[in-house]
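Pasting in a structure now, in structure tokens, and then I'll have a few things to ask.
The first chain written gets the first letter, and so on, giving A, B, C and D; residue counts start at 1 in each chain.
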Amino acid sequence: MKRIGILTSGGDAPGMNAAIRAVTKTAIHHGLEVMGIRYGFAGLVAGDFVPLTAEDVDHTINQGGTFLYSARYPEFAQENVQKKGAEQLRKHGIDAVIVIGGDGSYHGALALTRLGINSVGLPGTIDNDIPYTEYTIGYDSACRTAMDAIDKIRDTASSHHRVFIVNVMGRECGDIAMRVGVASGADAIVVPERDYDIKKIAKTLKQGFADGKDHGLVVLAEGVMSADDFRKELLKYGDFDARANVLGHMQRGGSPTVADRVNATKMGNYAVNLLLDGKGGLAVGMENGKLNTHDILDLFDGKHEGDYSLLDVNEEMTKD
Amino acid sequence: MKRIGILTSGGDAPGMNAAIRAVTKTAIHHGLEVMGIRYGFAGLVAGDFVPLTAEDVDHTINQGGTFLYSARYPEFAQENVQKKGAEQLRKHGIDAVIVIGGDGSYHGALALTRLGINSVGLPGTIDNDIPYTEYTIGYDSACRTAMDAIDKIRDTASSHHRVFIVNVMGRECGDIAMRVGVASGADAIVVPERDYDIKKIAKTLKQGFADGKDHGLVVLAEGVMSADDFRKELLKYGDFDARANVLGHMQRGGSPTVADRVNATKMGNYAVNLLLDGKGGLAVGMENGKLNTHDILDLFDGKHEGDYSLLDVNEEMTKD
Amino acid sequence: MKRIGILTSGGDAPGMNAAIRAVTKTAIHHGLEVMGIRYGFAGLVAGDFVPLTAEDVDHTINQGGTFLYSARYPEFAQENVQKKGAEQLRKHGIDAVIVIGGDGSYHGALALTRLGINSVGLPGTIDNDIPYTEYTIGYDSACRTAMDAIDKIRDTASSHHRVFIVNVMGRECGDIAMRVGVASGADAIVVPERDYDIKKIAKTLKQGFADGKDHGLVVLAEGVMSADDFRKELLKYGDFDARANVLGHMQRGGSPTVADRVNATKMGNYAVNLLLDGKGGLAVGMENGKLNTHDILDLFDGKHEGDYSLLDVNEEMTKD
Amino acid sequence: MKRIGILTSGGDAPGMNAAIRAVTKTAIHHGLEVMGIRYGFAGLVAGDFVPLTAEDVDHTINQGGTFLYSARYPEFAQENVQKKGAEQLRKHGIDAVIVIGGDGSYHGALALTRLGINSVGLPGTIDNDIPYTEYTIGYDSACRTAMDAIDKIRDTASSHHRVFIVNVMGRECGDIAMRVGVASGADAIVVPERDYDIKKIAKTLKQGFADGKDHGLVVLAEGVMSADDFRKELLKYGDFDARANVLGHMQRGGSPTVADRVNATKMGNYAVNLLLDGKGGLAVGMENGKLNTHDILDLFDGKHEGDYSLLDVNEEMTKD
């Protein structure tokens, strides 16, 4: 193995650049060359490759987004397109590829491996929704951004004795909502994976005001419903002043946190070592705080398990 | 004068607590007693007063919101309610009042002055929309929060070569949009006070991508229209990928910036000195970087003038 | 069990307030009363107790420091003083105590347990130096603060092509240095637990400049030596411009991170449940990402094991 | 005029990149070409020039430091070296130059103007120590960074009832100390321009603790003395627990604040317009909140006047 490629795919996430940096510097340490593949699998097929030196990645560890860019490219599900991609890699002397991204990216990595180009996937998505890993690159930063915003919203909620319903990201996965909810001291956390009892939530909020609390907070995964719809529903059972807020796209960006930089670095470093060992078709993850690998195939059947104890802990801190 | 009151009114703004602190500590320095009036004019009429010591305000300078709380209270427009308020103040030995808030607050301060309780108004609102002042307490912090969010949004915009339309606060006043737009490097800034040419904006964005720019940004005061409506309109003239984002209530909260803390402190200190000089019915502001006062009456006819040169500067940095 | 006490001891750490909040709210959920014990073991002996309601802790989750205060109190090593403390607790009807703090705090918790007051210790220190736990409350926030400062220092280092030697906290434990070093992209990380080769570090830095890197960075645990002494030593082997910087006390403060708030909440909640189960003399920790307990006695013989793989990963990203 | 050059000189400051961006984009708007001159006057003489396009500066507005780098170059005081610089500019068709930096930079700008290359200086230094301007690029960001650090230090000071003496930057100019001191709620602010009474400061701090304040804070410009020396002196008059802290180089870096980005943009835009009007030998500044110009010659005799009213306001908030 002389030259490896690296690409980012799917939605961007803080820490992707830290992972690219770790891959690049580790590979160079081991005498390999590194090619950055721009615009994900679209760029792979188009041959949009740029050589990366250690100096090219010197100022990337603290930058959000992905400097290699990302792009949607559903065409890569087609076998003939995959073959074209593998051809491009061979033409440029690229022996192996590291893919950073979400669910979709793993399909691409597996396809390349089957076509003889060993490929390893790193979990890069703020949603933390990938099977067999308790952590994805970007998750901690997204939680940080959401929590910081809610800290600000709490100021205005308290000044006016209001309830805020805040939509955080997470379509089918409540991990951001759960962690941000606990970190923000939410009165209630609502996620797609669990039922919720809106009457009980209203009761908790009313009880809070009755006991002298000066605000209320519901953290709501956007996959459940919009904050505004929730607010309307909630106001059927309580007569407090309630506002809806959607945090939106800023959750995807920003300088990565310590955890995202450190974990992305460890994962990037680890992925290069897997390739050096001749491995491919693997997904890197983290279980029980340690790096692990799984066959990518396993991921397609697997289901991400969030830390639902957070919901129990949060409920065990309400009165009743 | 032995005892002064202080209240916050209207929407909360970062720096209100710093102003309360400065009023309290300055008054105590001069041998006065200070009563905090909770929940704005509503609490004034209800007699919801709490004595404030220097130690009570020791940890407030860095806190967003207002620890005296605020509340809507349109009833204070009625003369008999105003009289009830003045009575409450006299009953509690409060000789003068400092009111921190937006437009509406000044009416209350004037009414109290006319009823014999000298009152001074401080401009406290993130919107920067008060006549005869170039600065209101909270404006700088709101701009900071919006800019920080847009810095994060730019990461994801660039990673995916997208245009973002971002709604910032400002109903009839574009000051937040103008300053945040310039600070964020926006391709276009849209405010209520000026016409805009959506075709030209689309052309600028298209030109940017054509020349190698990896993202586009429009900062839009929410008083003009929703980001989503703007987006739909804009896409009639350009085929780029565009997303709408509303920053929302977090712009009201958060630890105040240096400027907001320093200016709020100067204004609070100044207001006490005005009362010590036997003055009332005055609004404190800042013109040409210096503290000033105007008769509150003047404000009702006045019109806030923003720094529209920011729009010209921003246009003078586009190509064409 | 009807009433529990809670105190913070040793150096303050971000997240202590989140733990106090979790203890308070969980205890109230289970029908217990909670007494805050101010100034650590000194206040325990002096009987400086304040009742805590759920509302008292409503605005604490995002505050650094400890609102119960902390204090040095070596006198608590004496048996007669411990007995006086146990007496005070009994007098106030306090059946069990939760202690948040570092090494020293555990001795106190064990002493109380032996005197019949079940006590549980939570690891609260930024240093992450406690045996049988991979995480202590405040560690993540301290790393965040140090990393944010170094991100700023890197700006000026790069502008002037300088090397910075930055002292981070950590007397006998290099955990902050290791994690911050990796997260900051340090050229070298120097910790008390491992030898270092200053000639090799100088060579790496020189090589960086020769290859076009515009700055150099060494993250140095303060327990090894002062940044200034290291700088003098380093300059014997390299002719670059090098500056020393000590980050200092700010590493102890600030609003806690997501991880510190969430973990402190889980630990506080867990500690109450241990007491409800009639347990005492236990230290709560985290191993393999999961909450655990150990007999406090074990901790006295134990040794904290840091994640030294971080040093290996960082070295595997240098050239050579 | 067809082509202008831009360079940064002296210590780097947040907002320099925003100024470079504004110069570049404004110049291109007016049909000019822009050459970035790297490493300040050293690079000017060496001919280290890089063309700048609008796209080159797209991601710079939020970056601290200066991407054109800066360097000490005392040799530019010599006339023959200045002539060599002017020659280089002519050789590369550069008709005019904008210099961003501190005091020293203005000498260079004047020298170039006298040699026939119109040059304009922008005030770029965190110290705010330039005559005829109330604001320098980077000053607000440095204050922000210092204030944020002190907010954290206050957490730990309060938890342990300590006094902190904090050294902020400022050798002969107390502007950072004054503004940060007020914004941090300091008990005392010590600057080079004014005498201080250490006994009175000790008395204020003691009084604070006696009245129930849980911490003390002195903000000290580093030009007066080291925090540690001040601490030793202070402890002669008070028996509180006091610690010294030096904030250090991080004050120079970090993403610029709203004010620094906006002002740097306005100044950069303005400077290009001055050159378009055929002017040179001018220093841009801000007085009474408005952009102004002065002959550079005037600056050499002038003296910066800080807002010393901040000291009076701060004293008027102490008891006595």
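Throughout what follows, contacts are C-beta pairs under 8 Å (C-beta built on N, C-alpha and C of every residue); 3 or more make two chains touch, one makes a residue touch a chain.
These figures come from a predicted structure and were not determined experimentally.
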| item | value |
| --- | --- |
| Chain whose Cα centroid lies at the greatest distance from that of chain D | A |
| Centroid spacing, where centroids are CA-atom means, of chain A and chain D in whole angstrom | 39 |
| Interchain centroid distance [CA atoms averaged], chain A/chain B, Å | 35 |
| Chain B and chain D, separation of their C-alpha mean positions in angstrom | 27 |
| In chain C, residues with contacts to at least two other chains | 151, 154, 158, 214 |
| Pairwise touch network: line, ring, star, complete, or other | ring |
| Touching pairs - complete list by chain label | A-B, A-C, B-D, C-D |
| Chain D residues within the chain C interface of the complex | 8, 11-12, 14, 63-66, 69-71, 145, 149-156, 158-161, 164, 214, 243, 245-254 |
| Touching residues (chain side chain A, partner chain C) in the complex | 21-22, 25-26, 28-29, 53-55, 58-59, 61-62, 134, 140, 143-144, 147, 151, 154, 158, 179-180, 182-185, 211-215, 255, 257-259, 261-262, 265-266, 269, 288-290, 309-310, 313, 316-320 |
